[in-house]
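Each of the two complexes below includes chain A, the first together with chain B, the second together with chain C.
Up next, the complex of A and B:
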């Protein structure tokens, strides 16, 4: 078995040549992607196509061209699509709620949609995910009475129902405070069964903290796929710290130490080379792609 | 830890009259068996020493988990009286719980429907009994006059259509992406919601038709147009944007009703020829729905 065949057979999720347009707007263009078990971070600015890509992987959307395979199943086939959905947990970017539901009632409703029909089993699942995201004391609270951060946690909780093998989370840390973000990272790291997890975010530090794999999507195309260390290394030799601002830099900002951090090809006068971060690598890629 | 009623309670006492430690351990683990568990429970109510021994065997994590499950069940509740009655009639509990997300089954929606019908019925009664003049001055209107029945004939099937449309339009279901991405059949969900919304709207419509000044067959005559209109909207939604489908269905009903009212023959819209047309539309839409039901499994992104 050659290397290519091995790669095809072990990829849990595979996308080949995905394209999607909304009218004249190009959301995705010839996207090729493979996701292995573990956490993959999808990094990109607003409008990069992250949500479209995730909604296609979640079988909620269809590509105009290209194909997707999830655990070897083809979502174009009705029976296989249902099988994918049985193994899926999905948090859409802007999840709305029936505001009259209680927290437990909402999760119970989603559990039914996930074909958990036994009342006992549903209650066990709801209790499990409520404990996992720290909302067990809010089971009776109406959704309309929850804060934005709590609603986001509720969205994460519903995605965890049924212990999915494929977890697709679109901007899961939006609206979470720093402590909740840490708990969320811990939660994902501790999920049993080694699921495939793909999460989109603007937060490069989330990627650096928990994702062994990172994909950078810019203007509907994959510009990088690798490890966070490789993404950071792509900016090696092009990140500088200096006392003054340098106009030639692609990007520069004043850091917490009151020194200017520059990303560019030319070292400013008196600058010292610094170790690049994941964010530096991402910003350099964005600049190279012409993303404002 | 409680068990179902056993046939007989056996003594569980060891040499000292107390259950042995291994029996208490298996009782705490829930593996003691029905009869033994019942016997242990009977003894525990009398014996503080054994209760204290038992607490050492109880898995605190399991206890906390059970407590959480009980709290969740209490938070979810059993549902209202209507749900309990329907459950007793054999409808599965989980299907009824899905209806909680149907806006046209909520009290506020149903009250709005009743309110609109009350206004229309009030207007008809006022015209019929001369409070509002119709036709020539001083003339008492008959139910065949368009001023009496036309508003009701226009509004009644549209209210049913609105109820059904709210059951399938994504704009009324804020968490619709979850329903699309879930394995539960989208078509089944749609049918369950649409049929219940249809039923809930037809009841006040038919009740109003009974009290309206008009022919005795009016409540029955509204059934087929309401069904056909709702089926038309559903079938059109497999081809068009769902909002456009609902609006188109509304127009398909409103235009002929208004034209017939202008021609002063409003009742023609529910008389035999129109009923045959509605039956044909209903059958055609059922065929389209069956042939294209996969459309409801894909969501509304295309």
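Up next, the complex of A and C:
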């Protein structure tokens, strides 16, 4: 016990040298990561290993190598794994639903699986998360009758049950319309208890809007960990706006103002340097890593 | 690399442990109490879902229908009905199996396996909850038992229900549900449950099973017994207690398999393996009990009851008729007396011979039967068989002074009871007019060959008496004429026959063992009912001996009553209509009733 106490770090979640392969495919390789309380955005293209990393943190998958510590608990130990799960809210990337359940019935069922065994407390929790995601009027609706966006909100709601200290959300904004995305940002920002939140997304603007921390995962490796401002700053001096396309640019696209935005090492002719965004920083990192 | 920026500490956490780290030493103790509560809470929800499942509700209705079909026509003998209720439980069990498989495989089937894995409730906890939720099927099963029991009691149950037999039905449903959980834990596809249910159904038939007591190793087997014809329960036939123990063992074994499929810890698997061995031992023990022969003394007693009913029956005399019934069948007495007394009341003259109405087993017991006599020496079985063959019910009809009623065939209520009343009334009336109740020969096919009271006034009188005594619907009587050709050759004459209501159901044995009634006899009797009863009685009483003579014709009776002789038309298979007796026929001749 003393040994355990001594090994406790101040990081809420810690991953050391995580590696995971699926056959010949390398999903994660030597990933080191520490997560503190607050929201951490996980950025990366498809196949970067985001879902694998999140599933390992959620104790759903085990790494081939390396170790994870969540609140000082080791998921390799069965009892500690259960304890981690008691403090966990998880939204997998691809979530099916019990379509014949009602919305409230589904949440009540999940609440039991989260060991909320008191009926009254479950009812309160279900009401709380339904209100939080704006589905309180749909409590008696069958899940099969919900739209895709509503189901995604229901998925978020189940993750929030029990006020988890570690919230792992794999692409939570997929399928949400702009207004729902804004509500989602508001929701995460207002969560009580200052939980550790990790969310993966393709939406760099979501990261910029709500994440104090961002981790960029490319080809199974962490290529950046820092603040969104630092990620944006990593592209400083390499983003330009010009009237014409420049073939030398790593990436270029025409924006809504009809001007070309270039990311590269050389300024196009007549271009003006612009302030980089999180997306610019991410794209530049991806390009540097050779991600197509 | 490190994501930086720690937030504030949780309000509930130790200041020395700002991220809420918890030492693991006390986690195991903490996890047990929530696990039990989680199992119970989850089981409650799953039980509610199961009890409301359309599949289970359909199973309840189908099971009820099956029970009704299997007991609706038979006499409500508890030693038989209890097992027929079990057949309904088999149907319910099939649907509970499907529902349990669907529930246990729900998470994987709905692509929620990853999410479920992230919950503190482990797969083992969920499986345990699914198994516990089978308690939800128990009320459904008990409802089926209760409803069937009420129906049986309302129909005048004979005997007492066996708790072991009825519990066996409940255990069958639970065992099927546990099998469903085991299947669902491994195979989430919905067809897996349907296949499991089909296997259960197919295994309930007997065609695939070897003969003998081995059949009882399938406690859901339901078609091989002769319970409906027994005069009382026979200990160990079928072995109900061992059945219940085996089913309980199977339920536990299926539960263990389900838990083993989801158990991840070696220690848990070891415990489950040990429990599985115990369950297997219990099943084997129950199997051995089921294969043990029925006690010789019990079989001797049964054969004695069958071969010599008088040794076991209690007789009651009412209106000069003796009613001899096996113990426990006393409630049939009033139902039997009504048609018999009715006929005797309308009889124009006092009967010259005594009458006994007696229950017999006869054809209700078939020997040798390896499910009944397995484990006994062939010589002993042959002796029993010989005794049963000589039983009154197996003799060629009944003696002139007796009417035999097969055990288990007397209906409790409804249209069948009315038919049975008419059959008994007709048998009584035929006894009263001296028509033979005995078959007079055996055809080349082995069937009893009945005599035909062709053109005999006493037949019409008997039918008239039976109609007066029981008032059957005229339409039913008329239906006995049939729509096509139905007749017999008597002395080269084609005689159109008449089938009375309930003929062939064996309310009186042997079925149709009395005379083969003619359409002419019925039509004349029907015409007689249009006359005042006193007027007919007066005519009959005036020359009762003459009317009992087999040579007295229908025409003479019609003339005496002053009515026209109804005309008989026979439709040949070719469609040609003829008026007998003008056409002599070819082929086997039926004997004329001449006694």
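The rule is short, and it goes like this: the second predicted complex is superposed on the first by the 284 of 292 C-alpha atoms of A that agree within 3 Å, B and C clash if a C-alpha of one lies under 4 Å from a C-alpha of the other, contacts with A are read in each partner's own complex, and residues count from 1 in each chain.
Note that in this section a residue touches a chain if its C-beta (ideal position, glycine included) is under 8 Å from a C-beta of that chain, and two chains touch if they have at least 3 such contacts.
Keep in mind it's a predicted model, so treat the numbers as computed, not measured.
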Exercise for review: Have a look at chain B and chain C on chain A after the superposition and call it: clash or fit.
Suggested key: clash
Review point. Should A:213 be classified as contacting the first partner (chain B), the second (chain C), both, or neither?
Key: second
**Study point:** Which of chain B and chain C A:82 touches, first, second, both or neither
**Key:** both
Check your understanding: Which chain makes contact with more of the residues of chain A, chain B or else chain C?
Key -> C
Review point. Thinking of the overlay built on chain A, is A:114 touched by chain B (first), by chain C (second), by both, or by neither?
Key: both
Practice item. With the two complexes superposed on chain A, say which partner A:124 touches: chain B (first), chain C (second), both, or neither. Key: first
Practice item. Name the contact category of A:92: first (chain B only), second (chain C only), both, or neither. Key: both
Check your understanding: When the two structures are overlaid on chain A, which partner does A:24 contact: first (chain B), second (chain C), both, or neither?
Key -> neither
Check your understanding: Thinking of the overlay built on chain A, is A:247 touched by chain B (first), by chain C (second), by both, or by neither?
Key -> neither
Practice item. State whether A:60 touches chain B only (first), chain C only (second), both chains, or neither. Key: both
Review point. Touching A:269 in the superposition: chain B (first), chain C (second), both, neither?
Key: neither
Exercise for review: State the stretch of chain B that overlaps chain C in the combined model; pick it from 40-48, 130-138 or 184-192.
Suggested key: 184-192
Point to revise | Interface residues of chain A shared between complexes with chain B and chain C | key: 55, 58-60, 78, 82-83, 85-86, 88, 90, 92, 95-98, 108-110, 112-115, 117, 119, 158
Check your understanding: What part of chain A is in contact with chain B in the complex they form?
Key -> 55, 58-62, 78, 81-83, 85-86, 88, 90, 92, 95-98, 100-106, 108-110, 112-115, 117, 119-120, 122-124, 126-127, 130-131, 136, 139-140, 158
Review point. What part of chain B is in contact with chain A in the complex they form?
Key: 65, 68-69, 71-77, 92-94, 97-98, 100-101, 106, 173-185, 189, 294, 297-299, 301-302
Point to revise | chain C residues within the chain A interface of the complex | key: 1-8, 10-11, 17-25, 27-28, 30-31, 34-35, 37-38, 40-42, 45, 106, 110-112, 114-122, 126, 264-265
Point to revise | Touching residues on chain A, where the partner in the complex is chain C | key: 1, 4-5, 8, 10-12, 32-38, 40, 55, 58-60, 71-74, 77-80, 82-83, 85-88, 90-92, 94-99, 108-110, 112-115, 117, 119, 158, 165, 193-194, 212-215, 222, 224-227
